[in-house]
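Here you go, one structure.
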Amino acid sequence: MPEELLLEVKALRTYFHTARGKLAAVDGVSFDVKRGEIVGVVGESGCGKSVTAQSVLRLLDEKHDVSYEGEIRFAGSNLLELKQRQMREIRGNEIAMIFQDPLSSLNPVYTIGEQIIEAIMLHQKIRRKEAVRKAIELLRLTGIPSPEQRVWEYPHQLSGGMRQRVMIAIALACEPQLLIADEPTTALDVTIQAQMMELITELNRKLAMSVLLITHDLGVVAETCQRVVVMYLGQVVEMADVASLFARPLHPYTIGLMGAIPRMDSDRTQDLQAIEGSVPSLLNVPSGCRFAPRCAYADEQCRQHMPELKRDAASGTMVRCWHAGTLAEAFEATEAAIATETSEAAERAEEKGGVQHAIYP
Amino acid sequence: MPSIHEQEGGPMPLLEVKGLSKHYSTKRPASFRKSLVKAVDDVSFHIYEGETYGLVGESGCGKSTLGKTLLRLVEPTAGEALYQGEDLNRMPSRQLRASRRQLQMVFQDPYSSLNPRKTIGRTLEEPLIIHGIGSPQERTELAMRMLETVGLQEEHYDRLPHELSGGQRQRIGLARALILEPRLVICDEPVSALDVIIQSQIINLMRKLQRELKLTYLFIAHDIGVIRHISDRIGVMYLGKMVEEARTDDLFAQPLHPYTQVLLSAVPIPDPRVKKERMILQGDIPSPLETVSGCAFHPRCPFAVETCRKLAPAKREVAPGHFAACHLA
Amino acid sequence: PASSEGAAAPVESAAAGTAAGEKLATELKYPLAQTIPTLDPHLSLGGSNSTIAVNIYEGLFAFNSKYEPVPMLAESYELSEDGKVYTFHLRKGVKFHNGKEMKAEDVAASLNRWKNTAPRAKSSFSDREFEVKDDYTIVLSSDVPRNDTLAQLSHVLNFAAIMPKEVVDAAGPDGVTEYIGTGPFKFVDYKTDQYVHVQKFADYQPVDAPADGFSGKKEALVNDLYFTLATDNATRFSSFLAKDFNNVDVSLDNLPQVESDPDVEIIKNLSTDFNLIFNKKAPLFSQLKYRQAVASVLDVDQVLLGIVSTPELYRLNPSYMYKENTKWYSEAGSEAYNQKNPDKAKQLLKEAGYNGEEVTLLTTKDTGTFYNATLMVQAQLEQIGIKTKIDISDYATMLTKRADPNGWDIYVGPFLVPSTPSQLLYLNPTYGFADDAKLAELLEASTSAIGDDAIKAANDALQAYEWEYLAAIKIGDIYNYNAIRKNLVGLTFLSNIPNLANTKLVE
Amino acid sequence: MTAFIVKRVLSLIPILFIMSVIVFLIIYLIPGDPARVMLGDGADEATIQQLRANMGLDQPLILQYGQWMGSALQGDLGDSYFLKKSVSAVIGEHLQPTLSLALLAELIAIAIALPFGIWAAVNRGGWADKALTAYTLLGITIPGFLLSMFLVLLFAVQLKWLPVSGYAPISDGLWNFLKFLILPGVSVGVVMSSVIARIVRSSFLEVMNQGYVKTARSKGLRERSIVYKHILRNALIPILTVIGGTFGTLLAGAAVVESIFNIPGLGQLLVHSVSRRDYTVIQGLVLFIAFTYVLVNLVVDLLYAVVDPRIRLNK
Amino acid sequence: MEKAQPSLHLAKRKRAFGNRRRGLLKRLLASKTASAGSVLIIVVAFISFFAPWISVYGPHEVDIVNRLSPPGTEHWFGTDNLGRDIFSRVMHGTQISAQVGFTVALSVAILGLVVGLYASMYKWLDQLLMRTMDALFAFPAILLAIAIMAALGPSVSNLIICLIIVFIPSVARIVRSAALVAKEQTYVEAMHALGASQTRILWQHIMPSTISPLIVQSSFIFAEAIIVEAALSFLGAGIPAPMASLGNLLADGKMYIYNSWWMTLFPGFALIISVLAMNLFGDGIRDLLDPHVRQGKGKK
């Protein structure tokens, strides 16, 4: 049932109660993940991706720090209404998470093996010896050399990338239905990154594991995701399937995002393209469209009124912009130019292909 | 932009590394045998003033260790690191502390490198206080300006690290390194947690600072696009060793070492329409825990010949300014 | 328990006073409130020591309840006409715990060691030696008559215990290493800081006289006797409540808890006297006027109340002897006792030219009573304008400080009950450095007097002079309460030392 | 590791040496001497001096020290003036009760402190936390003798479940041994537990918000496992230190409780020895306590490295 | 790229700067525990300071006729076995004990912090300092107290010296343990990279992680010092007589606990209040320094 909704986030608001006041880090986010689907989440740093992810698992300190509003439906039940004990059944079992910060997310006083084994034994009824074997296997899968030995090392003895892979291994050990991966490959070199994404997509295919992939690497998004959610300042600004997003981004922020990717063929003497200005403070959000202060196309309407997330008739993309339609056309023009460049680049790569094909028959 | 320093007979390099090694010995469980991790193994290179030296390599190949060893945050096992002709490894600690004003580091792990008890403002002012720069007022002002510079707001001044997002923390790390206006900054993945827009802003900023202040960067990153954009020269590390070193354009035009070739082929392309054939490395993944005879890459190298299995290749200059450690290059 | 009544035959059918049908316990635990510095009876003055020693050892004589010496190991004695030569005839067939028969050589060795080590014995025996005449006869002679000889030999503190010669010869300076006597109980072991275990001595030879005080017939009515150390008052009392002990000293605070218990008898024991000692070498109190000033102001009721908190537990007594000690009790000079006359005191101070010098009161908190008494005295001194300071330290430190003529003025403390004036330490230089020719002379006269009337006269003169000279000021005598379970039969006390021979525990 | 232990044990030698000198000096410094105490109130000066001479106390300090050191080096710590036994035998006798009491009390303390402290930390600000504050407050302020008296009154005198006081060696049977130790164990344990519980709470608060706790939670671990496995071990170092400290303190003897419960332990021995100036015993005891304390701390330090692999001791 | 925003006005920044400082003070006041603690401390200090004026009886004034009288209008807290007014004695006792406890706790905290921190930093110092601490610990308090009192004379300050020596090791060890953990954190490495001196790292970055256990331990030592003082007093090595201290009062009360409970109850109560005040204050400070707690204040 590929169309079955596994996770459905509806108008989620996550508030932090700080000394400076109540602060909505996530402000009305809605999206869904279907069973077996890989959904990418991209967005400006600090826009609330990690908070959204952790809200789904309700990992934030509800006693003191946060409160939620809205609905998070997972396999039919609203997670926000569950008791902590019921939540525990879901965590790891149904939904697993890879954290963004690998060092502080690993317990410094246990070997990585211990931490992986713990996850394995928690969800699979097997004996420890078997679990050890599995842990080593998982490490091997994540491309960590000499896993038999590494498994007994402590987090501080590993490199940044290795720690990240340990996090991945822990999450995969749970064999969840939904994997939330918060920037799982930032510390990995491209070869290992590719290997990791391969691993994840394979599990996705084989076990119909859904993935919510938070990343900054649009390359990874393009290669692995089926749908993409674009966030900006606590809100979803655009949501589309991957092809149409890259082909026809509608929101000016998304357009800016596409333009800022450093390309392999860019002019190195030039500055990279970037959207001017910075994200406004969460304590002081603009009343209208949240992107308006930085948007080149913003007009009075944008500054006064917050646009709703609406379906764009042409592409089926959900977008939060008053000018979605007009902007798309403007983008397509530039896109065409880039497309030719890319295909040229691809051709060039093809020419040097001798080497590559020699390696990979 | 290749700079004049790279030409033969140019001025003295700002940083010259000779035969630097860092070996960790770790205890194996259930046995008293110790094993040696050669995290950095006999690495030599140099960096000129005002240039950006990009460092790429497989995860776990020793890049971070190299960076930390250079600044003597971990004591090297062997070798020297000459900063302006003076060996950092032999410098008395007082002098070393003083030179650290000019040598800064951005840590790979942004959260744990920030003191969880200090507000962001305090963290940013700390280096200024250490080196006795400015009055408290000026320091505050400088810190606030730095916050804006890296795309954060004034409100973040009073926050604590755990109240920030990953990318925000990373920017704090960068801001802390840059606030001293150092001469050499070792950036260990300074932009990995940033979205491309802020990443672009930061990279542009770093380049601007470099132009204005003649900053020198040792830039460790996994994002080939970023590395390519910012670096003047690039070093490729594999298993603790420097396997290739060249000017950026040369490297991209003509990668000599097979590992470099694999690396470049694996770069994901941000276009769902292009389905690229990626090179996936075969063979056993090597480990710095085991000593491999011959070339460290041979177990995975498709071209490996008998010599590769027996003899470790030395780094040699294949083309002008283009070094590689491969028998076949 | 009721079931045992009449069923079992008495363990000790021969025991004196054992009623038919009684079942006697074979084991008795007796609480000891203080640690035992040494088990050597000759060495120590401590009460704990004597409590144990009187069961293991015996002397030539023992006090009866009137503090009169009664022969114990001695069969009889003779005193020469001039009162200078004592001849002691020993009982025959008395066995030591090691099986050896007691002979004159043992007695001479023991007593010569005793007189050389025991502080109390020193003044009266320094010029005399116990000599062996034959196996069962000992002779003691001196240049002057010594009317305190028998009392000294009877006293249970610094006990003139008789032990085998070998033991005496083997003794080091810090005491004997074997505890062998002739008493009704033999020493078994001393578990440091836990208990001393003694056991009925089967070959014990009692004297054939009624038991009175420590004199007369003794019989061990329990097989095993444990002197259990319980230094904490509350613990001792709780153990009594829990029936671990069958007798215990009771503080005023605890009294209500046992008073109403029909199984418990509360008895009052004369426990000690209290005296105020002057340092006669101190700048102020070397002058008689100052001592008189203190004597004038002193309100002993208050001080005694301060010590025991209830009028029930003290009695006024101007004599340095207990009233019970009929031979030596004297009320001479008692006008000076308990004057409560601050005006006179102030006058005396003025005459003496008191100028606000600070008076140091030496005390210790190791036993609460010293301290409370000192505080009360302090309050009274301050009342007449004497500036005071309390120097409080632990007991050992206090002992050392007191031996030093510098640094203290007044010390208030109890004195283990003397039986003759020669044992009054404050009358000689030991305590407070009394240094007065007339006092020494009168003291000498009181011990060398022969005949009851002569003794009484000499003693009255001595005490009258002491109230003039004021080496010390008598404050009074205090009692303590003892709770004794009714099934503990026959326990008596003398000078607050229990006599456990003839004591039985009915189950 | 072995090198570290060896070095640490060797470092004992100078400590013990310096301590022995200091103890000697202190003993010389404080007034009072064993001869006077032994002879008691009213002994005359000559006798005292004679006994002092016989005990060798009239000799110059250096000479006394030399003699003591000489035999100490041969493993002979001298004889007790009062107990007529060798010091090592005396210490040996008093060690078992103290050790038993210390172990039991520490166990009780930990059994109370860990769950209670954790519970309070997890419910920071809640009523569990307030209960802990009240408990620790009472635990630390109620004098040991009061608690002991209360326990005795209730369990020994009223309920008659346990004996009032005393001690039986373990060779008398386990229950005989334990029944004497339970009440003193509890009264010491309660005080210790309030010391430990507070540090448990505060250490827990330090680490409870770390990232790895989130990771553990996201694995679906039960809260118990998270607390006892992940948080506890990270919070353990200060807790271990305090446990080590309290245990060390207990090994030096709990004089008050020992005296109330009549347990012939090192604490009583020390107090008695000090009060009667049993120099050789004091000397031996101080050195012994120093020795055990160094040992306890060595174990604690070794545990640091076991608990937290990042801590390197021998570098 | 040129920075787009106009830089903030200096005035505005200054305001922010001021805000931050005020925030700290405000937080201190806002912390319920800390302010409750401070209030209690002030009350205790106030009462004990004005004790001579509040009570009609002197603390050493004996009145044997009225000994052991229960609390009433005449003697609010009753009298002791010598007829001394318990109220007055408790007030004076609190003053002296709080003074002893506080001085000892504070000095021990400071000294223990220094010793523990430096021991954690240098291996050779560690050996030297911690072995010294072991040695200090091994010295029985009684022996030390008797010796110090004998050598320097009995006085409150000498008692304090003795107690400080007794308690330093426990604090030093706990500080060291926390510092050993903190020292291996990456942010400490980062401070090295910035060129911070050892001293700075020690005091600015490692020290804060030791504060929490330090405060917990010190607030205990406050109570412990008062109680140990009682034990020492009993051996004549405590606060010189006839000064009243809470410890002395409790020890005196022991003899009369069943019938004259007021001799124990009131000093005990005073002790609890003083210790509670210190603990609350300590807890408040601890919470202020905890980054997570700081933030959590917002909810509700």
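Read from first to last, the chains carry the letters A, B, C, D and E; within each, the first residue is number 1.
Following the convention adopted for this analysis, a residue touches a chain if its C-beta (ideal position, glycine included) is under 8 Å from a C-beta of that chain, and two chains touch if they have at least 3 such contacts.
In UniProt terms the chains read A = Peptide/nickel transport system ATP-binding protein; B = Oligopeptide transport system ATP-binding protein; D, E = Peptide/nickel transport system permease protein.
These numbers come from a predicted model, not from an experiment.
Peer 1: Note down the smallest number of touching-chain steps it takes to go from chain C to chain D.
Peer 2: Minimum step count, chain C to chain D: 1.
Peer 1: Please find the two chains that have the most C-beta pairs touching each other.
Peer 2: So the chains sharing the most C-beta contacts are A-B.
Peer 1: Averaged over CA atoms, how far is the centre of chain A from the centre of chain E? Could you give it in whole Å?
Peer 2: Those two chain centres are 51 Å apart.
Peer 1: Cα centroid separation between chain A and chain B, in whole Å?
Peer 2: Spacing between the chain centres: roughly 26 Å.
Peer 1: Could you work out how far the Cα centre of chain B sits from that of chain C, in whole Å?
Peer 2: So the centre of chain B lies 90 Å away from the centre of chain C.
Peer 1: Approximately how many whole Å separate the CA-defined centres of chain A and chain D?
Peer 2: 56
Peer 1: Where in chain A do residues touch at least two different other chains?
Peer 2: If we look for residues of chain A contacting two or more partner chains, we find 16, 18, 61, 64, 101, 103-104, 156, 271, 274, 278.
Peer 1: Would you please write down the residue numbers of chain E that are in contact with two or more other chains?
Peer 2: Touching at least two other chains: 1, 5, 23, 146, 150, 184, 186, 209, 235, 254, 257, 292-295.
Peer 1: Residues of chain B that contact two or more other chains, please.
Peer 2: Expected reply: 109, 111-112, 148, 154, 158, 162-163, 201, 204.
Peer 1: Using the touch definition from the top, list the residues of chain E that touch chain B in their complex.
Peer 2: Where chain E meets chain B, its residues are 1, 3, 5, 7-8, 10, 13-14, 16-17, 19-20, 23, 185-187, 189-197, 200, 204-205, 208-209, 289, 291-292, 294-295.
Peer 1: What residues of chain E sit close enough to touch chain D in their complex?
Peer 2: Contacts found on chain E: 123, 127, 130-131, 134-135, 137-140, 142-144, 146-147, 150-151, 169-170, 173-174, 176-178, 180-181, 184, 209, 212-213, 215-217, 220, 223-224, 227, 230-231, 235, 250, 254, 257, 264, 268, 271-272, 275-276, 279, 283, 286, 290, 292-293.
Peer 1: Touching residues of chain A toward chain B in the complex: what are they?
Peer 2: Touch residues, chain A against chain B: 16, 18, 20, 42-51, 100-104, 111, 140, 143-146, 149-150, 152-153, 157-162, 164-165, 182-183, 186-195, 197-198, 216-223, 242-243, 246-247, 256-258, 260-264, 266, 268-269, 271-275, 278-284, 342, 346, 349, 355-356, 358-360.
Peer 1: Spell out the residues on chain D that touch chain A in their complex, using ranges where they run on.
Peer 2: Within the complex, chain D contacts chain A at residues 124, 209-212, 214-223, 229-230, 233-234, 307-310.
Peer 1: What residues of chain B sit close enough to touch chain E in their complex?
Peer 2: Touch list, chain B to chain E: 68, 71, 73, 96-101, 103-105, 107, 109, 112-119, 121, 126-127, 130-131, 137, 140-141, 144-145, 148-149, 154, 157-158, 160-163, 173, 176, 180, 201, 204-205, 208.
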